[in-house]
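Across the two complexes that follow, subunit A remains constant while its partner is subunit B and subsequently subunit C.
Our next item is the complex of A and B:
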């Protein structure tokens, strides 16, 4: 069983289920974070073997017991960009909450369509 | 052990999904990120674990402070009524359809996981060559500072763009920003005393991560986020907005220009495979230290900017 690949897929679809069904805007953002973390764990888990060593050190003789450094370098970038994207999401949420005084998707949608009709 | 950790991970995800109050959901999100960090350690990725730890710490503080000030955070349930009164049958049907979709897609994805492991050819190249090509002892730093330098430059650009986007999206007409004011919000005394003890350790840790990024786990991103957390702690202690947002934004752009200049200079000198000064490890060390420091300052300024922007917006409600 390759748990490091199966479990992130499960968590990814948990996040997707949350995105589909959540009624609260902040909860949607939390589900987005869940989804992103699942993808990162999946990509790192593709090369997972038990007893794997980090790629840090002076002499890495036994190359095949060392983790793959390339996905790690890419995933650090992904984490930082994920935080930037989350920050933009929060800005949009704060705009919505300032405008409609609610964090419920249904109420915000109803109010925004009303305003649209007035215009 | 790994299986137990993964089970704990899934359980914390389920806790996030079922929680009905925003405050507790944020705390569960912090727990989820912590367990993810430990999983990264088990996967042999201490650099990613450090990045994840500092980012999740930053985002948890960020969420708690911002939504406490803005949204009130009066731990009110998202769904007040009982399940039967809240959901109409049509909504329950939609939820079941979404659940069925997710389960089926999940099973399909698990079914089509390719057998065998990822190719190790490139990994072999990187691990055997990086010490002579780039120098240092950390393969991950070597990759993002030399082999894949373009990725790092464009990531820094992404961060600048997102900070500019946040500044412009949160610009409201009725608000004007004057700096150096005392905040009205009072934080808890226990929290402030704890933060006073911790914050000096945090900035030391950040500087350590940046300075030793090329020989041990760590690097510019992780150290930068840790330094940003220090400034957030400083805000929590003194409760004052004495950082001018426009100055920070300008500084960030200047540092980004510095990153691009150093990177272009290094590319023209040939830092990677065709490095002409392979017998000069001092030059390599200076290059890596310089890049790590610049990236650290840039990331710290960017996140500091994001935090102060939210806090300043939230202040005048």
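Our next item is the complex of A and C:
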């Protein structure tokens, strides 16, 4: 295993640990983004070899010296999706924080489930 | 051709959203939906003839582009999707939903069809992620207290699970150099077992979460139990959304044939079913009861798919369709009852037969379907699932069916008794009645012509043996008697057992959900990696 694979895996499980333990909603989102970034770096890193050139504006005489563009294209998509989802998460969190003045999972949960019939 | 199946609902939705707002636009939508269902039938006939319909998106042939493939199974599920969305649109006709609701529903349909047709790992990732966002917006669109919070948990937990999926895709691409499932399967067949363990565990963790398998099921009842969330959304969540994950489970078990662990999923499926039944029996809320009951049925389906017998496999596929039909019917009925009685507490709902005979008959039809009564669709699929199982698995499945009968008796108890006149409920709209009846009749037709429908959808010719049918009938009758006795002497009335209250109080918070995802990943990694 190369460094490019080990580091993202370690970061990924750091993010998982954060998600399992953090009591704050904002911290949970931060850990979620950490998770996403670890996966993105991992997939970009898998295709990386030293000495390769970017696939834009090069002559493609020696194909083996050009970086594989597919993981990069896919990861751009993944980044955009991650951005959109994070934005929706924050929209909901802003709504919750305005209502309850708290970003603690347990407090928000307790307040949002009490006498829920009149919501 | 297949591209249009994904795009048409979305284009229709956007046009209707932009150009109209009144009731006629809904009727136009339903007519177009019916036409679309006709095209799905055409696709099924086409796949029967040709074997497989393939579309290269963007005309990049070979391995360059994204491929949509429709084989018989995919076409059957596309047809199921269109039929269910047609029924649900008719049901929602009278409801005063905003334009946003209809837009999102149609987009959801397109995405689900996309998941059924797509054979590309990354495409599935994108579609699953968009489906998550659409569902999250659908459940929190009334901006209630509960729906905001549960919507947030749903969205974040799904995002965590889908990261495992993306991680797995990265490995697959690294190992095989392709993202097409069929081509990847050909490469994977020649690879070492050891290198496949990690990607398999990663992908299966995400799929198990989406399919609501123990211990990852808790998001499903949480979302379906939100007060005042549209019943149509809850119905389609367990009817179709979860089925799309099981469909991916089937595909990935094929792709990863060298490492795929069927025994693990057989055991976990049975555990899921048992836990789901226990959770369902102890509920007092109609929608939560139905939600946990679908967990139980999902467990049964996963177990049936993993037995490793052709009969059980096809039986499970048929059960996926049957479960979609009667569970959507039951959820829509629950929505009607909620409107009629103004509550979802089953202890306060009584005397449905006296209040509205027609809904009562619809409930009876759906319940006969889900318990597997003779002449109904559940009977055929459960017969075939059990016919491939060995004695131990068979016994567990009979117990699970007994649990399902108990759950159904609790549901059916609402039919009788004295209707409380203090509730001035709404009268059900005619369109809702029509949609529920349509599903009830489908349950009946699916039972009588079960073997013919199976041979039409999956191109297999199975016959139920007369002897086996009688044997199952005896077991079923005995189960009903035991179920009625247990209900009469243990569960009946307002007896509020402490253990049931404890079970109802079980509720994983977000940390717990993340922990269970991580734990499931470690367990499946250990099972696949070390035990074989």
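Methods note: the second predicted complex is superposed on the first by the 111 of 119 C-alpha atoms of A that agree within 3 Å, B and C clash if a C-alpha of one lies under 4 Å from a C-alpha of the other, contacts with A are read in each partner's own complex, and residues count from 1 in each chain.
Criterion: contacts are C-beta pairs under 8 Å (C-beta built on N, C-alpha and C of every residue); 3 or more make two chains touch, one makes a residue touch a chain.
The model shown is predicted, which means the values in this text are computed figures rather than measured ones.
A.B. asks: If we overlay the two complexes on their shared chain A, which of subunit B and subunit C does A:112 touch? Say first, second, both or neither.
C.D. replies: In the superposed model, A:112 contacts subunit C only, not subunit B.
A.B. asks: Decide which partner touches more residues of subunit A, taking subunit B and subunit C as the two options.
C.D. replies: Residues of subunit A touched, subunit B against subunit C: more for B.
A.B. asks: Per the contact definition in the header, classify A:95: touching subunit B only (first), subunit C only (second), both, or neither.
C.D. replies: both
A.B. asks: After superposition on the shared chain, which partner residues are touched by A:20: those of subunit B (first), subunit C (second), both, or neither?
C.D. replies: both
A.B. asks: State whether A:85 touches subunit B only (first), subunit C only (second), both chains, or neither.
C.D. replies: A:85 sits against subunit B and subunit C alike.
A.B. asks: Is A:3 contacted by the first partner subunit B, the second partner subunit C, both or neither?
C.D. replies: First partner only.
A.B. asks: Across the two complexes, find the residues of subunit A that touch subunit B and also touch subunit C.
C.D. replies: Common interface on subunit A, subunit B vs subunit C: 12, 16, 20-21, 23, 46-47, 70, 74, 77, 81-82, 84-85, 88, 92, 95.
A.B. asks: Please give the residue numbers of subunit A that touch subunit B in the complex, ascending.
C.D. replies: 2-7, 9-18, 20-21, 23-24, 26-27, 30-31, 33-34, 37, 40-41, 44-50, 52-58, 60, 63-64, 66-70, 72-77, 79-88, 90-92, 94-95, 97-98, 103-104
A.B. asks: For a test of understanding, state which residues of subunit C touch subunit A in their complex under the given definition.
C.D. replies: Going through subunit C, the ones touching subunit A are 122, 125-126, 129-130, 132-133, 136-137, 140, 143-149, 151-152, 155-156, 159-160, 163, 166-167, 169-170, 173-174, 179, 227-228, 509-511, 514-515, 517-518.
A.B. asks: Under the stated contact criterion, what part of subunit B meets subunit A in this complex?
C.D. replies: Residue list for subunit B touching subunit A: 2-3, 6, 9-10, 13-14, 16-17, 19, 22, 25-26, 29, 32-33, 36, 39-40, 43-48, 51-52, 55, 58-59, 66-67, 70-71, 78-79, 94-95, 98-99, 101-103, 105-106, 109-110, 113, 117-118, 120, 122-124, 126-128, 130-131, 137-140, 142-144, 148, 151-152, 155, 158-159, 162-163, 165-166, 169-170, 172, 216-217, 219, 221-222, 225, 299, 302-303, 306, 310, 313-314.
A.B. asks: Using the touch definition up top, name the residues of subunit A that touch subunit C in the complex.
C.D. replies: Residues in contact with subunit C: 12, 16, 19-23, 25, 28-29, 32, 35-36, 39, 42-43, 46-47, 70-71, 74, 77-78, 81-82, 84-85, 88-89, 92-93, 95-96, 99, 105-106, 108-109, 111-113, 116-117, 119.
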